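Pasting the structures here.
In what comes next, chain A is part of two complexes: it sits with chain B in the first one and with chain C in the second one.
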Partner chain A sequence: MTSFATETIGTTLVVRPLGRLDLVSAPQLRDIIASSVANGIVGVVVDLHGVDFMDSSGLGAMINGLKATRQAGGNLRIARPAQQALVVLDLTMMQQILHPYASVEEAIAAP
Partner chain B sequence: MSTALAHLRAELRSDSAALDETHRLIAELWGEVPLVSDRDRVLFSLAVAEIAANVIEHAHGEGWLWELDLSAWSDRLEASIRHPGPTVEQGFDTWEMPEELADSGRGLALANSASSLRYFHTTDPEGNEWLVVRVLTS
Partner chain C sequence: MPLAYVAFIDRDLPRVKSSSGELPETPGRREDSFSNMAIQQSGLFLIEDATADARYSSNPNVTGVPYLRFFAAYPIETQGQRVGALCLMHTEARHLSELEASLLHDLALWIQNEVQRDADHDRATAVHRALLPQALPFIEGYELIGRCIPTLAVGGDYYDWYLSDGDELVVTLADVMGKGMGAAMLMATVRTVLRLIARGTDLADALQNAARVLANDLARTNTFVTIFDARITKSTGDVEYVDAGLGLAFILHDNGSYDRLPVRGLPLGIDPDTKWVAGHTQLKLDETLIVFSDGIYDSLGGTDDAFGIVAAHFVARDSLDECVRTLITSIADGPTSDDITILALRRTGTT
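Right after this comes the complex of A and B.
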């Protein structure tokens, strides 16, 4: 069962999934990001350190969040992906769009 | 000559618990064949889990029973996923990634990138079979 911890740092929402980010848990991530945007927090960082498996649904939830935050004038960034998530980003050629930052702080500070 | 090393099988329902069971069966396979490299494990697991998720998603809560068959050979890993339901209506030789900001539609292309993927439709009651093959790199 995947859990999600959230923390607001400055004007950025940091989401920390723990477990698998897949078909089952991806809708939760979409909802968390949509709720954040609806509440006016349009900067989101997804900290992937606790994600031991990510599939195309997990990636899709982050792309959905990327579009939602950008449409509201913000952005979504990802930080600390494990090797498995990096493989998914690589195979889907998404590393240019979802650049993996080495730390949450770096992701928050990115232009 | 290829040698069979391990063979595991499960009959699953098309619900979210089946994804847990899929990952559990894959982990059990790694216990049987500890020398498989991390990269081969990651890529094979990804392909199998993508197909399992695809089956569950397209069952639309109809409670399909489907079969997951995993086998390890001296030169490759194989998964056979057999499920009822309608034929997948697209080309069965190539699976392309959607446009870059699409938030769905990558599963089959990702599975095929991670391991080779074949799809068969039969007229027997089990209906469809996905075959995932990962040729071992070491």
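Right after this comes the complex of A and C.
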């Protein structure tokens, strides 16, 4: 089972999925981001350090979150993807719109 | 000997499923079968004591093995047809309480839902298969193959090809995010749009048009689609291609080395303003264009080593069918959780 830890740092919600980010767990991530946006926290960082496998559904949940946060005037950034997630970002060309930051702090501070 | 079982009616006799092992009724005439009687009517079929009822007291299932006295059943329906029944029987007379009757009904409905879902899945699988090209076209100087094996009954992957007017062959491999029925419905939509729009125009323009048409559907369903689409000029081997976020296409040279196709862009459904650029390459004699889905990539370890592993299966000069078969067999041995799809086009030069 994938678990999700969340933490609010300043005005940013940091989500830390632990395990697989796939068809099964992606809806949870989507819900976490949606409720954050609904509560007015529109800056989101997904810390991928604990994600050992991410598929297109996991990527889809983050794209979804990116759209939702941007529509609300915020943004979604990702930090610390492992090799497998980096490969998925690269194959799909999504690093163009989801730039992987080396640390959560960098992701929060990014313009 | 209390017994519960599900009977499905065949053409002639009830076929017993999920019995505890013993044969509930002596094989005999259909009209003597209690499960068959249960299926002939709707709602609860109940006999509390068969020996006390003139309609059943001389039935061979009552007078002989299994010496049935109590029988209760609910029919199971699918697509408006009664196809079987959930049956309870006992060799002693007994009363069926209202609560027991309602439990039996609930169980029968549950089985009915399962049967219905199975029927839906079978039908969906058949439709999904029918949407893939059926026969390999004869293309002078080329050998072509495609395979798609969904993880579930249906999936979001597909491949397609068609011979356009004159000298051109178009091949496509696409992967709709997700799995199962939802992905398959979108896959059918994407396939239709690509087929309608891709003809006649520049490939990058065609993809742009397709993305525009699909934008709302993809946005509303929070889905994106990765696509590889190539147009091959048969006489020259010239390949024009677009890669929307798939990234899993390469050309295998006759010496066993390979080159990935480098021009790539975002998937459809991410950004409505995405502009794609077409790449150009050439398929020379004895070279093979190979495109595969991320299901294969992930099953082969999820690193770029996957290209080499796939390529190795195609180095042997066997038929493409054989190459694909050995590749898929090797994958099927390992853990697979995604649709497996591959498309390959070899320029043989001979006929």
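Assume the second predicted complex is superposed on the first by the 111 of 111 C-alpha atoms of A that agree within 3 Å, B and C clash if a C-alpha of one lies under 4 Å from a C-alpha of the other, contacts with A are read in each partner's own complex, and residues count from 1 in each chain.
Basically, a contact is a pair of C-beta atoms (placed from the backbone, for glycine too) under 8 Å apart; a residue touches a chain by one contact, two chains touch by 3 or more.
A quick note: this is a predicted structure, and the numbers were derived from the prediction, not measured.
**Student:** Which term applies to chain B and chain C once both are placed on chain A by superposition, clash or fit?
**Tutor:** When both complexes are placed onto chain A, chain B and chain C end up clashing with one another.
**Student:** Please work out whether A:A102 is in contact with chain B alone, chain C alone, both, or neither, and reply first, second, both or neither.
**Tutor:** It touches nothing on chain B or chain C.
**Student:** Quick one: is A:A110 in contact with chain B, with chain C, with both, or with neither? Answer first, second, both or neither.
**Tutor:** After superposing on A, A:A110 lies clear of both chain B and chain C.
**Student:** One more residue to check, A:A38. First (chain B), second (chain C), both or neither?
**Tutor:** In the superposed model, A:A38 contacts neither chain B nor chain C.
**Student:** Who does A:L91 touch here: chain B (first), chain C (second), both, or neither?
**Tutor:** A:L91 sits against chain B and chain C alike.
**Student:** Have a look at where A:S56 lands relative to chain B and chain C in the superposition and call it first, second, both or neither.
**Tutor:** Both: A:S56 reaches chain B and chain C.
**Student:** Between 60-68, 222-230 or 276-284, which run of chain C pushes into chain B after the superposition?
**Tutor:** Of the candidate stretches of chain C, chain B runs into 222-230.
**Student:** Across the two complexes, find the residues of chain A that touch chain B and also touch chain C.
**Tutor:** After superposing on chain A, chain A residues 22-23, 53, 55-57, 59-60, 63-64, 83-84, 87-88, 91-94, 97 contact both chain B and chain C.
**Student:** Which part of chain C faces chain A closely enough to touch in the complex?
**Tutor:** Residues 175, 177-179, 222-224, 226, 245-248, 264-267, 270-271, 294, 297-298, 302-304, 337-338 of chain C touch chain A in their complex.
**Student:** Across the complex, what residues on chain A touch chain C?
**Tutor:** Interface residues on chain A, with respect to chain C: 22-23, 30, 53, 55-57, 59-60, 63-64, 83-84, 87-88, 90-94, 96-97.
**Student:** Give every residue of chain A touching chain B within the complex, in rising order.
**Tutor:** 20, 22-24, 53, 55-57, 59-61, 63-64, 66-67, 83-84, 87-88, 91-94, 97
**Student:** Can you name the residues of chain B that touch chain A in the complex?
**Tutor:** 16, 19, 23, 38-39, 42-43, 45-46, 49-50, 53, 56-57, 97, 100-104, 106-107, 109-110, 113-114
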